[in-house]
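Here the structure is laid out as structure tokens; the discussion comes afterwards.
Chain IDs A, B, C, D, E and F follow the sequence of writing; residue 1 opens each chain.
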């Protein structure tokens, strides 16, 4: 698609959303058998799977920490997840995304409970549509809970951007390509920011306003994450009772 | 060479062989000084050298097995072994060939005699002309014996293929390029199959018939392998006597 | 620049030097804070920095030597140091240069004083103009002294070449590109040769003569190296006294 | 340590069941676990399929782009098959370049498609010697429950069956279907203590002496075979596996791969 | 071992100073160390700058060559930013391919230049779809005294400000200046025990919970931001840092980056 | 451990012999082991040679293909020399990318050919700036018995002497011989305890303090030199080696490399 004339018309975005509206979200908890915890997360056109293994032994051993667990995060895009086939394997972008995503989650993990062990988080992007890093963090946060890793809270993430001089929540692919700014955020339910990146063009006031908009988006996502976990938990209880 | 009109005429193949005839084979045992065992093997236009080192220490140590030797096999084509120069180093094909070749030989090696040690097999293809993996296995089998590695038996290998709707033994390069099927086989003298790959197009009956043809080819090669080893052994005895 | 008609006219080289004249040299000792010893060395258009770390622990451990230090040398060209941008990272040339440069310095280091430890020498070529390896060795030699590594002596290095059938000292870039021979040399003050490479075309007599010319060049450089170290040392003393 | 003991006990358990002619999950020796195939699961891919065989779960995406033909086949399209055993899918997989088992799985998947002639490569030529369609088959293993081989091969052919040539996106005319002319199916058997079982579970795979994968086409003829593992097989065992593999492939094809 | 103890004591020392509102080197929390910028230090590069911030020392070289544009931006030049943490610069850096911290520094440096629109990429087009100027920004870190991030960003823009397009060398007309239209400046703050400090020294950086880099342009607006590190930040902390970063960037720009 | 002791005893043995002016295998200090050279041993290569010097055994294959010239030498062919120390050839060689000793051997072999002007690169130009002959010299070491260097250089020139330009295969006219105009020969000496010996055996090489390789041409002039190893050499030692290397190269050339 080439640049559309307008990305917002009469206050409505090309995909029909209002400026502060998230794309549809679909969450499935515990979708993998091998992993200790897992989550399938659809966020608009993004389809991501997160798996958590651990706490488990650290290889190679010199990577162990004596007083806490090491958290490792591998963000990986499937070759077929994007329009132009991506070469398999990590590139510079995925290495940076992995780093900031790990740092977005580390603050809520009780790492000190598991010295000398590893908590491994793997996020696979099966389909990409702007916002893969936030989708991945949302999924990973649930997968950590599903794996029974002790956490202070969940972490929720979404982006705010600017298109046609308007602040909008949760950019889609066209808004990302042709917009003026993109700012992914992750936060805890009590409002602590654990991920913050920005590029593009924002005034000081737009930034402040955008931060508040992102926080509202994260709060909404947090409720969905909680529900998805509750649902799995209650269906298990039911399942247990019905036996 | 572009595709010839016929690969078989009056029951005779382009290189003058009958359908069930092997290409000429030349074997020299113990051709290298540094290696514990070695063998030079010519199989039609293929020229390969196999060397065996071991049993010896395993590096890195975490690759050790506590109750048996690890067998390693490295199949490597010289850059100048083929028409179009090959980039040095392993590619996906050579990694697969190394794996199935190792598995073709492991069943006959008394690995349990040498816990925590390695038996290393190196096969260099100096000239390639269809059938390098079988030539390599034949050479490696002799090099293992030459190195004094305790073995249940030798392993012998050759391919069967289909060209012009006819089953033929031991494809040459043109038959491989323009034929309808290729099936490399390795076996022990008592008829156990230790390598089996196939690609192309074979009916169930052709497959059965081809398997029998391959077995006859392997039996013939086995006799040549034995002779080559005998010859070296007897010349050594003679050498010892003449001193 | 394309090949000039003459590289020497009336006994004077294109940059105004006489055949046996070195390019201007500028030395600054102790230019880095983090390194244990360092030196900035300008040699004509070459700008190089050498840093020395050690003696320090060896990682990985299996590289340790039980009776002496290991000396490591990493020659690295900045991407922007040459006309055509160089891809970052080691290439075959820089690996060879690192090896012969290390061997040029090892003879003067009392390695046996520091068993199981490493002495790391890093040489970065910020700007290249023919003679980077000799500039690097000159800088590294001073950085070793600055780091307090016990040494039998300094090592000094320069090249001799042949242009327009004349032996000349210390080739510049054009003389290197269009000359007939290049011979880098490193030596100790007492005349022992620790590096010797040659390529091009030299008769036996030219070689002998060239070797003597190089030795004179090295002697001159040695005096400058000593002065630079003296200067830093005496300014420290002064500094100490003035406190 | 205790992990190893559990593994050992598990092996004994499976082995003892096998001797009685039984399997862990109640299947007969020639029975597959439940198979489900969903196609068109990835919009960004030109073709895609999610395949589950029991616990095993793979997603295959097919990407198709114009590219340069190989010099020796100037008028034929190119197939490139990749498979990664990513650490998400199993505690024993590691990040990094593909290792020999992943490479073998990719290459056997590739040969199944290629050697069966399923794809008419000559119809993937755009301009001879200059531009042809490159067909990338990427197998993404999400959960390893055993027999990734058959899941990968099934996913590859199912994804190809639903794939289209994205000609319009590259200004090369109208989109069209991928020129398929056969539907190869791979069937994998393992040998455990002399017995032959189809579709090994992860535990069965781990104690099997050897695997034999047999790919056959619509005509019931062989397109590709691969023995993998260190136990030898007898001629009788091989012929037996070939026979049931061809039958089983027919069943699977008719049930799941109707064009 | 004793090294670790010294490090621990050092951290305590800095932490205790911080509680009293002081810093190791006597600076106030919002004060930078001495900055020096020298340009045109590498003749072989099309633009270059040596930047020192206190002990930290980087050399940035800009190389410009004709190359092929990306297919999706056929009429725009290309920026490629590299940064290596070479072992010459610190006892903790290692040889080898860049690791995540080096990659992050390179990418944030790159975004500062790119997102501010400092380089007019459309003016770097030579022949649309065929040939554009490739601008390589290579950051060579020589001494790590902390806050490599800001030194790298300063070096990149200073080198670009003095760079020329080497058209004559490639037979493409006369050399010209690089089409710059803004001067972004990055300002990095760290959070230590709830306090915010600008321009962290190496020791401060090592004990900081988190860093926030804010790049702003001549208009005092934001071009790029990057939080790095595991401590969360509150909205108040972020807004505070943004405010002082924009002010500080203005000061630095006016003092050091006058075109 | 016991291996190390044996190695130590072996070194003492060689050292003690050397003091008496003797060598392990009875040679004089300036004597080579038996040399055999067979050419045209690999049909698939455009030129090839098998060289044995005593126990040392290398095969050199020359492949020649059309390719693109380097931008700065648009009218000259390209030489690319590779040498691998594959683990087949010695218990101490390891698989993997070439290490510094293999790279040095390859580069010195390359310089011997290149700097002697043995190959007339201008005659390897097909279309200036577009297409030239690429000459790949691949040295395959099969058995390391010491002095791989000289075997490699001998193999390279012998293979080139029998190589042809495969023009017909690429539709570029008739095949022709490779334009050779000199026959460089490398001679390697080692210094052991002050003494100089030619053509070191593996054991001699392992205890040598330093090696000096001298490549000279038909005119008896120097084309390339390389000192390798950590012992310094005196001017006298170097001049002595140069003199005997030139003589010995002449002998070897006349005996083995007659065109």
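The rule we apply is simple: a residue touches a chain if its C-beta (ideal position, glycine included) is under 8 Å from a C-beta of that chain, and two chains touch if they have at least 3 such contacts.
The structure presented is a predicted model; accordingly, all values stated were derived computationally and were not measured.
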> When every step has to jump to a touching chain, what is the lowest number of steps that links chain A to chain E?
Replying inline: 1
> Looking at the contacts, which chains touch chain A and chain C alike?
Replying inline: E
> Which chain's mean C-alpha position is the greatest distance from chain F's?
Replying inline: A
> If you average the Cα atoms per chain, which one ends up farthest from chain D?
Replying inline: C
> Roughly how many whole angstrom separate the Cα centroids of chain E and chain F?
Replying inline: 48
>> So the centre of each chain is just the mean of its C-alpha atoms; given that, what is the distance between chain B and chain C in Å?
In response: 52
>> As a quick test, compute the distance in whole Å between the mean CA positions of chain C and chain D.
In response: 58
> So which stretches of chain E touch two or more other chains?
Replying inline: none
>> Two or more other chains touching the same residue: where does that happen in chain B?
In response: none
>> Please classify the inter-chain touch graph. Allowed labels: line, ring, star, complete, other.
In response: ring
> What order results when the ring of chains is traversed from chain C, passing next through chain E?
Replying inline: C, E, A, D, B, F
> Which chain D residues qualify as touching chain B in the complex?
Replying inline: 98, 100-101, 103-104, 106-107, 111, 114-115, 117, 212, 217, 220-235, 238-239, 242-243, 246
>> Per the contact definition, I'd like the list of chain B residues that touch chain F in the complex.
In response: 32-35, 45, 47, 49, 51, 53, 56, 74, 76, 78-85, 88-89, 120, 122, 124, 126-128
> What does chain A use to touch chain E in their complex?
Replying inline: 92-93, 95-96, 98-100, 103, 106-107, 183, 187-188, 191-204, 207-208, 211-212, 215
>> Please output the residues of chain E touching chain C within their complex, sorted ascending.
In response: 42-45, 48, 55, 57, 59, 61-63, 65, 82, 84, 86-91, 95, 97, 136, 138, 140, 142-145
